[in-house]
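Common to both upcoming complexes is chain A, partnered first by chain B, then by chain C.
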Partner chain A sequence: MASGKLRNLSIRGIICALPDNKVLTVSRENVFGKETVDKIIESTGITSTYRVLPRQTASDLCFHAAENLIKKLNWNKEDIGILIFTSHAPDYKRPATACVLQGRLGFSQDCMAFDIGLGCSGFVYGMSVIGSIMQNPDIKKGLLLMGDMSSVSTDPDTTNNLLFGDCGAAVAIERNEECEDIDFLLKTDGTRYQSLLAVGGGYRHQNNHNDYCYMDGNNVFSFSISDVVKTIKEFMDSWDICTEDIDMLALHQANSLIMKNIAKKCKISLDKVPISINHYGNTSSSSIPLAIVDSLLRNNIQKKEKYRVIASGYGLGLSWGVMNFVLESSMKVGMLYTKTYFDDGHYGEGEENV
Partner chain B sequence: MEKEKKMELLEEMLEMDAGTLREDMILSEMDEWDSLSMLSLIVLIDEEFGKTIDSTDIRKLVTVKDILDIMCQ
Partner chain C sequence: MCNLEKYDEIFVDVFSIEEKNLNENIVRGAVKDWDSLGHVKLITTIEDVFNIMFDTEDILEFDSYDKGKEILKKYNITV
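Our next item is the complex of A and B:
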């Protein structure tokens, strides 16, 4: 079983960075028509999204979030021994974006850096991987970055494009002997990989340049309300967790109907489920940290000294997982908006030095 | 579950007036049968009949009777 227990780790802070470009869903009526847009808003609740500006990428959002988080924590960059970037929107085909970010952030060479190429399950996978590596006591501090720009990777001429927004999140993790364990359970079903698939842009179909992500909405929906629910129940049974023990069920913000269905089946009260999809859309890998930060800043979740959280992410792969952790109310949280991007000095056809 | 009860559930799901849904109705010709109602059907079958249906199952549905048949299986 792909499960485990992570000891001596605490989450010191979470900061999310959004592109400074809010797009109201109603503003897309000129493309899709009023009736369609009204229906999408009614069924999904998504009234706005934040979309990357020209030349801005997911890594730019993560960079901004990371810089601010490190400053808020007063961390010495030399102490950060691991940097992971979880995304399906890398800056380049090679190298790994985490390496570029390590350089931009000015981290020491004594820092391992690599990407995890997942989408909506990115937070639970990323946390499990970084936490597992940080069981090595030599690594005291680590940074998990998650970012995607699905507003660009989905076809703008399809209504799927209305569902997605962009965001980058940074999570700071530190070794701490006096904290509660983190447990995780991860799953994969590659037989259903075609449910969320961008055929072009890779090496399998080199002449196909259509790298928009296709989504079989019905399959993804079925998967979310069946497999994901089963796994959350399996996780709670395995670790003997009662619904009363949970202060927050932080779910991937795919669709409010899915989240309500999962909460109902797991018998967890909806007021413990942060729902932020209405403001930001589905932001893929960063949607769980974004939902947590949004609910804490808006005081949508009952105030506590400590929050016992169960988080579950699910998406392309198909890949999904569940984990639990404790968030202290003293941890640093923040939400930022940025127009900045990394000018790497390379200009392709149609690109300008702006 | 009685057929009448199943038809009632489907009418409610499709937001149709009671007694207006017929077994021989062709789904693709119904305004009410859209992407959202497909998701609602997945939830209905899951909650009321404890079964998971996916895109392949939905693609095979031609008439309302086909939905009733899925409920019986």
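Our next item is the complex of A and C:
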């Protein structure tokens, strides 16, 4: 079983960065028609999304979030021993975007950096991986970055495009001998990989340049309200967690009906479930940190000194997982908006004029 | 309200179909709003109303008004 316990780790802060480009869902009526847009808003609750600007990428959003978080925490960059970038929207086919970010952020050569190529399960997988590596006491501080730009990776001519927004998030993790354990349970079912698939853009079909992500809505939906629920229940049973022990159920923000359905089946009160999809859409790997930050900043969750959180992400792969952790109210949180991008000196057709 | 009335009311609400038109012709693909988002609404509402949890294969196989009745029998709900 892919489960485990992580000791002596605290989450010191979470910052989310959004592109400074808010798009109201109703503004897409000219493309999809009023009836369709109204139906999407009614069935998903998504009234707006934030979309990357020309040349801006997921790593730019993560860079901005990371810089701000390090500054807020007053961390010395030399102390950061690990950087993980979780995304299905890398800057380049090679090298790993985490390496580029390590250089841009000015981290020392003693910082390991690598990518995890997952989507909506990226937060729980990323936390589990970085936490496992940080069980090595030599690594005192780590940074988990998650970012995607699904507004670009879904076909703009389909209504699926209305469901997605872009965001980058940075989570700061530090070794701390006086904190509660983090538990995790991770799963994969590659037999259903075609449920969410971009056929082109890789090496399997080199002549196919269509890299828009295709989604089999039924498969993804049934997976979300069946397999995911079973896994959350399995996790809670395994680690002997009662619903009363939970202050927050932070779910991947795929669809508000799905989230409500999961919470109900897990017998967790809806007022403990941050729902931010209406403001941002589905932001893939960053949707869980974004929902947490949004709820804390809006005071949508009952104020406490400590929040006992269960988080569950699920998507591409199919890949899903559950974890629990404690958030201290003293941790740094923030939400930023940015127009910036990394000018790497390479220009494609038309890019030099942007 | 009996189970059939509850079941019918869900279809009426989710797909804006008149009750008198609920029959074997109500199938996925033939009903305008029965797309993937409509399916999410249909299934989550049925689960709420009948207090059940569908298995994955049942969610996928639920493709008509009649098939839904058949599937509900597995959950000891006679419509």
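By definition in this document, the second predicted complex is superposed on the first by the 352 of 354 C-alpha atoms of A that agree within 3 Å, B and C clash if a C-alpha of one lies under 4 Å from a C-alpha of the other, contacts with A are read in each partner's own complex, and residues count from 1 in each chain.
Going forward, a contact is a pair of C-beta atoms (placed from the backbone, for glycine too) under 8 Å apart; a residue touches a chain by one contact, two chains touch by 3 or more.
Here the structure is a predicted model, which means the values were calculated and not measured.
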**Q.** Touched partner set for A:39, first chain B, second chain C, both or neither
**A.** both
Check: With the two structures laid over each other on chain A, which partner does A:298 touch: chain B (first), chain C (second), both, or neither?
Finding: neither
Counting residues of chain A touched by each of chain B and chain C, the higher count belongs to C
_Touching partner for A:225 - first (chain B), second (chain C), both, neither_ = both
Between chain B (first) and chain C (second), which, if any, makes contact with A:306: first, second, both or neither? neither
Chain A positions within both the chain B interface and the chain C interface are 39, 43, 217-219, 221-223, 225-226, 257, 261
The residues of chain C that touch chain A in their complex are 33, 35-41, 43-44, 47-48, 53-57, 59-60
Counting only contacts in the complex, chain A reaches chain B at residues 39, 43, 216-219, 221-223, 225-226, 257, 261
Interface with chain A, chain B side, in the complex: residues 34-36, 38-39, 42-43, 46, 52-55, 58
Chain A contacts chain C in the complex at 39-40, 43-44, 217-219, 221-223, 225-227, 229, 255, 257-258, 260-261, 264-265
